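Letters A, B and C name the chains as they come in the text, with residue numbers starting at 1 for each one.
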Amino acid sequence: MAAGFWNKMLNLDRRWVYLVIGAATFFPMLTVIRLPIKITPEVQSVYDRLESLPRGTIIMLPMEYSPDTMAELQPMAKAVLRHCFSRGIKVITTALQIQGVLLIEQDLRTVAAEFDKTYGEDYVFLGYKPYPDIVILNMGENFRKPFPKDYYNNNLDELPMMAGVNNYSNVDCIVNINATSGVDSWINNANGRYGAPLALGVTAVIATDYYAFLQSKQIFGLMGGLKGAAEYEKLIGRPKDIANRAMTSVSVAHIFIIIFIIIGNIAFFATRKRI
Amino acid sequence: MEQISLGTLIWMTVAAFLTLSIFSFLYRDNPFYRFAEHLIVGISAGYWIAILYHTSLTDLWIEPLVDSVSAFGAAGGSIPAKIGILLANLTPGVIGCLMFTRFFKSKAWISRWPIAYYLGISAGVALPLYIQSFVIRQVAANMFNPVIIYNTIVSDLSTLYYYGNSMMGIWTGIGDIIILLGCVCGLAYFYFSAEHTGVLGAAAKIGIWTLMIGFGATFGYTVMARISLLIGRFNFLIDWVSALGNYFNL
Amino acid sequence: MRREVPLVIVFICGAFMALQYFVPHNISAVIYQNALNWTIIIGIFTLAVGIGSLVNLHYDKISRRKEKWPYSLVTIGALVFMTVLGLSSPEAVQDPRGLFMKMYFYVLSPVQATMFSLLAFFIASAAYRAFRAKTVLATLLLASAVIVMLGRIPVGDALTAWMPEGTRISDLARYILDYPNTAAKRAIYIGVGLGVAATSLKIILGVERTWLGGGK
């Protein structure tokens, strides 16, 4: 009887699994339960660095995400931008992922409007150029080489904020929000070749890869996925923003996946014994 | 949610229809899914062309080329210098155009030239940088001082013995040993020029254990990543339903 | 001519870029910057060839009336429509109220995002069907995954709140990420670094020639 049940469980139609995981993710979104978020040192160090900068300091915030990864990285990028703008830190942004150019431009425009920031004085959007590896290297020589003009067709020399800003040595640090393996290019080229202090905000899928660079101090901070975004939102005093709200769904879905793993294993061992 | 215009609502409905078309694949393959899939390939390609043209080709190639041609009509500057600038601006485009010879079988071999240029530059750039960032810096970070590790563990053990707390140093010390051993053994696992027996075999075994723990951590994080993407889509659908409700006062 | 010229080009470009790293002289820096910009420009044409191949593939499907050819019409139609929209004026890619932007935000964006969100279902199904503690290695993988999954969510800490600070599930997850995970990823990265360097050297020296493809 029991073995028959486990056999059934083992051969469960995958669509039941889909249904359960969909429901486990969806329904918590309709609730107002908010769970406490614990801040990790790697996210704290990104925040601390930006928090310590005097007003008017320029940082670089290259954003390389597209619609497929925006759910994870858009909240993170917006949180970092809000932190910068609220502290009067100026931001140079690029979008070296072609599918995300318009999305990033919109995000930048939206957050800048929230803080009443002026384009060219408080922030600059260089836009897109293909082959990030090469572009990152050439920006290390001079921003004007790969980007003679910004996204809006202005010469960089016409933008007040860019006066005297030539390369990475003129920005305090780089906080790269990235969904691709292009992160390696920032580590290799911006940090490796030009010594630019670098922090990363990456998707959870690739986050674990960069702990080795955190330990070797090639990067000074690391934000991983929606959890990293939620931590940053909390640090800047916006615990009701999107990433924090999503953590309840993430928690429930994780629990259900763990339950699935347990059931799958019980079913596997219960039926294997009989064979 | 603020009131939105009918135009935005229609666009949101299109987006919701496409979202549900893709989700329908979960039940089984169907024409709605295939339509959305093929639509997006075409839209993406068109989008790429427009973005590449406006944000890259124009300011990096076309405008400098036009400027260097019009410089011949302007006063000042020597002719050889103007020719030099023109050639410098023209050449990359000409080399790039050679790529199109791929579409003509008898001349396809010419497309190897731009590929060779791109490959040469990429390989030359990568050679020193990968050695520096991925090998030297990583190996250097693995060079723990055994005396420091020993002292940390011993001092923490004594603190633990006398005061009954503070295990952090011990765990950090052990952790440093794990990094050193795990990394060396992981590399031993990837060393295929000798049979994995004896000391190398034991090291490779520890190496694969370490790698498995690392992959497990990646899997754990990957689950979070995928769930986050699903949350993003559900958020959109909730917004769409709210917008519909608001618009029609439901 | 057909094979030698590309090999010479690859050697000159590769050797110059590698040596430039060690000799950042003013003149070499100028050549270096321009060489990088040339790479970007040439790369744009390479991408254009990719799009050309896509058109060829679907044109072939339509002209030969291959299975499901009407979907290829959708692809070609969408490509032409979006290209015309995008190239119509430079403002097309900047005007938030323009049709190009609308197509991006309400057609391209939702489909792409939803395609990837399907992976949430697939990973849940894979976890249920394939994640078995059959061997020591599989058990290590599974245990590490479960600890990290629990340790990175707020519920994980709530479940282990009865344990002393520093030994809760989030601390364990943190320990795994900071130490064994770092060791594993470092071993991989060192391997990748050596592999890329070796392959680059082989390409520059003409030992690795598979990129030339077949033929003379």
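We adopt the following convention: a residue touches a chain if its C-beta (ideal position, glycine included) is under 8 Å from a C-beta of that chain, and two chains touch if they have at least 3 such contacts.
Computed from a prediction, not measured in an experiment: that's the story for all the values here.
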item	value
Chain at the geometric heart of the assembly (C-alpha centres)	B
Label of the chain whose CA centroid is most distant from the centroid of chain A	C
Top chain pair, ranked by number of contacting C-beta pairs	B-C
Chain A and chain C, separation of their C-alpha mean positions in angstrom	16
Centroid spacing, where centroids are CA-atom means, of chain A and chain B in whole angstrom	12
Separation of mean Cα positions, chain C and chain B [Å, integer]	5
Residue list for chain B, restricted to those that touch at least two other chains	26, 44, 47-48, 51-52, 55-56, 60, 121-122, 125-126, 129-130, 133-134, 138, 141, 179, 214, 217-218, 221-224, 227, 229-230, 232-233
Contacts with two or more other chains, residues of chain A listed in rising order	18, 22, 25, 68-71, 99, 101, 129-130, 134, 137, 146, 151, 153, 193, 208-209, 212, 215-216, 227, 250, 253-254, 257
Touching two or more other chains - residues of chain C	21, 36-37, 39-40, 43-44, 47, 90, 93, 104-105, 108-110, 112-113, 115-117, 120-121, 123, 127, 142, 146, 149, 152-153, 177-178, 181-182, 185-186, 188-189
Contacting residues of chain A [partner chain C, same complex]	12, 14, 17-18, 20-22, 25, 35-38, 40, 66-71, 99, 101-103, 105-106, 109, 129-131, 134-135, 137-138, 141-142, 145-146, 151-153, 193, 208-212, 214-216, 227, 247, 250-258, 260-261, 263-265, 268
Chain A residues touching chain B - in the complex, by the definition given at the top	15, 18, 22, 25-26, 29-30, 68-72, 98-99, 101, 127-130, 133-134, 137, 146-149, 151, 153, 187-189, 191-193, 203-205, 207-209, 212, 215-218, 224-227, 242, 246, 249-250, 253-254, 257
Chain B residues touching chain C - in the complex, by the definition given at the top	11-12, 14-16, 18-19, 22-23, 25-26, 34-58, 60-61, 88, 91-93, 95-97, 99-100, 102-103, 108-109, 111-131, 133-135, 138-139, 141-142, 167-168, 171, 174-176, 178-187, 189-190, 207-224, 226-227, 229-230, 232-233, 236
Interfacial residue positions of chain C with respect to chain A in the complex	21, 29, 32-33, 36-37, 39-40, 43-44, 47, 90, 93-94, 96, 101, 104-105, 108-110, 112-113, 115-117, 120-121, 123-125, 127-129, 131-134, 142, 146, 149-150, 152-158, 170, 174, 177-178, 181-182, 185-186, 188-189
For the chain B and chain A complex, residues of the former touching the latter	26-27, 44, 47-48, 51-52, 55-56, 59-60, 63-64, 121-122, 125-126, 129-130, 132-134, 137-138, 140-141, 179, 214, 217-218, 221-225, 227-235, 238
